[in-house]
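Going by the order they are written in, the chains are A, B, C and D; count residues from 1 in each one.
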Amino acid sequence: MVPLSWYLIFSAALFSIGLFGALSRRNLVAILLGIELMLNSVNVNLVAFWRYGDVTNITGQVFTIIVFAVAAAEVAVGLALVISVYRKRNTVIADEIDMLKF
Amino acid sequence: MTIDKIIFLIVAAGTLIAALRVVTTGNLIHAAFWLIATLFGVAVIFAVLHASFLAVVQVVVYIGAIAILFIFAVMLTRKDMRDQGPQLNRNWGFGALLAALAFVGLALLVHGWSGVTKTASAFPSGFDAVSALGNALVSPDAYVLPFEVASVLLVAALVGAVYVAYNRK
Amino acid sequence: MDFLKDPLKVTADWLLGIFAGWGMPELWANVLIGFLGIFILVALLMALDIILVWIERKVVSRFQSRIGPNRVGPFGLIQPFADIIKLLIKEDTTPEGADKTLYNLAPILSMMSVLILWAVVPLAPSILGVDLNIGALYIIAAGAIGALSIIMAGWSSNNKYSLIGAFREVAVMLSFEIPMLTVMLIPTIFTGSMGIGAITQAQDTWFVFLAPLAAVIFLIAAIAELGRAPFDMGEAESELISGYNIEYSGMKFGMFYAGELLRAFTFGGFWAILFFGGYRFFGLEQVSAFLAVAILFFKAFIGYWIIMWVKYTLLRIRIDHMLAFNWKFLTPVAFVLLMTTALMNALLANAPAWLYIGGMFLSNILVAWISLEVARSTSRRERERVEGAKASMPEVAQH
Amino acid sequence: MSSWVYVGLFLLVGLIIPVGAIGAAWVLAPKKPNPIKQMTYECGIETVGDSWVQFKAQYYIFALVFLIFDVETVFLFPWAVKLNSLGMFAVIEGIIFILILIVGLAYTWRKGMLEWV
């Protein structure tokens, strides 16, 4: 049986990688990719705790589904903003989008 | 070392390598495909954890929809096929440090916590996660409000995103 | 007699005995037997795929008043094998500037996305495949991998036609997935389970009698999902030559081609399983597992034949019409049907069987009739508006 | 052992067979590449520029609407599984859920964002 701590370490590593991506990438789409990784690591944690806790208590899985919905909404709006910014400014580099309004 | 530990280690290592490639590779299309590999690895982890429904939903929603959306967005926002310039910003060292700190902190937290020795309990006979989910999502004393709010959230996202992305000429 | 009734278990037990004799742990023996069984099933599917090439060519030639393959062997039966040899020894060119890894991965993924569909297919009462309780979603998940392979092929070929074809194809596939998912909920409601095996076993009356409209919507969405005419926008040969697979040659193209045919057959099979009782046919399936498999394949062939019939009869639809048809007609109708079915299911929960079936059937017909009426009146109004605008235009503009 | 082992085996076999077929072709087929052969195919005309073409944002809009409804059906599947034993209350909830999403679809339709041109 795989110990619970392995899943937690795995998801911590995934979260850190995502955090690095979100903080360090220049491209807006790449930043969103990093955020996706972070959301996934949260899901791994939720499901692992569901499995290793009381399995009849389905809360972990319900929250995972809610996270799916949140991730979908985040990606939809985030990428729409990126496309809109690209159309107006012709760039998707985060550093170059430094005006407060357009 | 039992067989499920070996499977877990292989899958976890592959997933993490793919995740690293997501954040380091220069070509954004490749990054999107590496993201798909990562998501698939997470789906396998869900399957190992006996969360069948979530494993399949992970593939349907993340790989089938979100990743495709990413690929579309990358293709819509590129001037040409090659990427120019550095992919990391000036402060990437700071970002790396923060990520490493986050990992070390979380690992220490896991290490110091007494609950990690928990073992997974067997499933009660006749337990079906999908019908338990169905019960939880619609029974009034459980998650009916999040269920309905989720649909409002999705509609808000739909309307907002379409409004923002739509090209008004 | 046991062997005829349940060949899989008998063979598995026999093999298990042999492997146990070799001192193999039971777990490994089971995994090995599973692997062997799956390998044989997939190999048979590939053989079926070869025959499908011949069937497809024969059928299309009949639709077009031709004879079709008739030179190699009796009725041209050896033709597909000759084709395979040709594919094997044909030079495989990789276009300049292609993304090698993704370019080579795409045909493999395309074929794999079809083959893994058969994991959940219940072949007989005793051979339920992998009886996952999430079978319906599994079909969509495999379809997602198929869409992925298309976009991979289109992008990595470094060709404008490929990329445009892949984008169109994926847009259509994604769009039509929504009505498909929605009507898949309807057998799920009747059965109380998402497992494909459970759905088959619950069909004492075929679900097509309970939900005829759902069956029709599923078929339309499946044809679009397959990227076949009239929805073959992705490989419209008159404008995109061949779409996403244009740069592929030899066996890699063969994988796309074989994958398309097998997927069409497989979706014919899923149509039969979800709405026409799968392997069930008046209790005949209990006699022998072989008979059950034959019944399922017969039904799947009928589904496949209908898909071919549609393909070779109808013209290609323009992409804007196709997407408008999906989002403005098929999806709303599917949602209305889902709500009606849920409501009727709750209202008729305690009704006798004949009332339940009749009520379901009539409610489906009613939804279909109303939606067609609404569509007809809307399009008439639209046409009158356009024609009225034309009529009021000055003479000069009309030529 | 869970049934996922068999799905894993299916994935493995599904990978082996096409790889084997393509591998066999790779062994048997001649390999004589030349620049003309490897040119991207454009009906015999030489390719102008690279394969990058600007796409319509409309593709993104359809993918987006798809994503939202995809997630929605994920919520509906557990609901549909339990529908028979939950009674009228659950049915009404599900219908409200669907209706809210149909409002979103109707909005995008009304605003003309589902048009291709």
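Assume a residue touches a chain if its C-beta (ideal position, glycine included) is under 8 Å from a C-beta of that chain, and two chains touch if they have at least 3 such contacts.
What you see is a predicted model; the values in this text were computed from it and never measured.
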Chain pair showing more contacts of the two, B-D and A-D: B-D
Core chain by centroid distance, with centroids computed from Cα atoms only: D
Whole-Å separation of chain centres (CA-atom averages), chain B against chain D: 17
Chain centre separation in whole Å, for chain D relative to chain A (CA means): 21
Chain C and chain D, separation of their C-alpha mean positions in angstrom: 14
Centre distance in Å when chain A and chain C are each reduced to the mean of their C-alpha atoms: 33
Chain C, residues touching no fewer than two other chains: 132, 134, 137, 158, 163, 167, 174, 177, 192, 194
Where chain D touches two or more other chains, by residue: 4, 7, 50-51, 55, 57, 59-60, 63-68, 70-71, 74-75, 77, 80-83, 94, 98, 101, 105
Shared interface positions of chain B, touching two or more other chains: 48, 50, 52-53, 57, 60-61, 64-66, 68-69, 72-73, 75-76, 79, 81, 130-131, 133, 135, 137, 150, 154, 157-158, 161-162, 165, 167
Each pair of chains that touches, named by its two labels: A-B, A-D, B-C, B-D, C-D
Residue ranges of chain B touching chain A (in the complex, touch as defined): 2, 4-5, 8, 12, 15-16, 19-20, 22-23, 28, 31-32, 35, 38-39, 42, 45-46, 48-51, 53-54, 57-58, 61-62, 65-66, 69-70, 73-74, 76-77, 79, 85-92, 94-96, 98-100, 102-103, 106-107, 110-111, 115-121, 123-124, 127, 129, 132-133, 135-137, 142-143, 146, 150, 153-154, 156-158, 160-162, 164-165, 167
Contact set on chain C toward chain B in their complex: 102, 132-134, 137-138, 140-141, 143-145, 147-148, 151-152, 155, 158, 163, 167, 170, 174, 177, 192, 194
Of all residues in chain D, those that touch chain A in their complex: 57, 60, 64, 67-68, 70-71, 74-75
Partner chain B, residues of chain D touching it in the complex: 2, 4, 7, 50-52, 55, 57-61, 63-68, 70-72, 74-75, 77-83, 86, 89-90, 93-94, 96-98, 100-101, 103-105, 107-108, 111, 113
Contact footprint of chain C on chain D as seen in their complex: 1, 3-7, 9-19, 21-22, 24-26, 28-33, 35, 37-43, 47, 50-51, 53, 55, 59, 62-63, 65-66, 69-70, 73-74, 76-77, 80-85, 87-88, 91, 94-95, 98-99, 101-102, 105, 109, 114-117
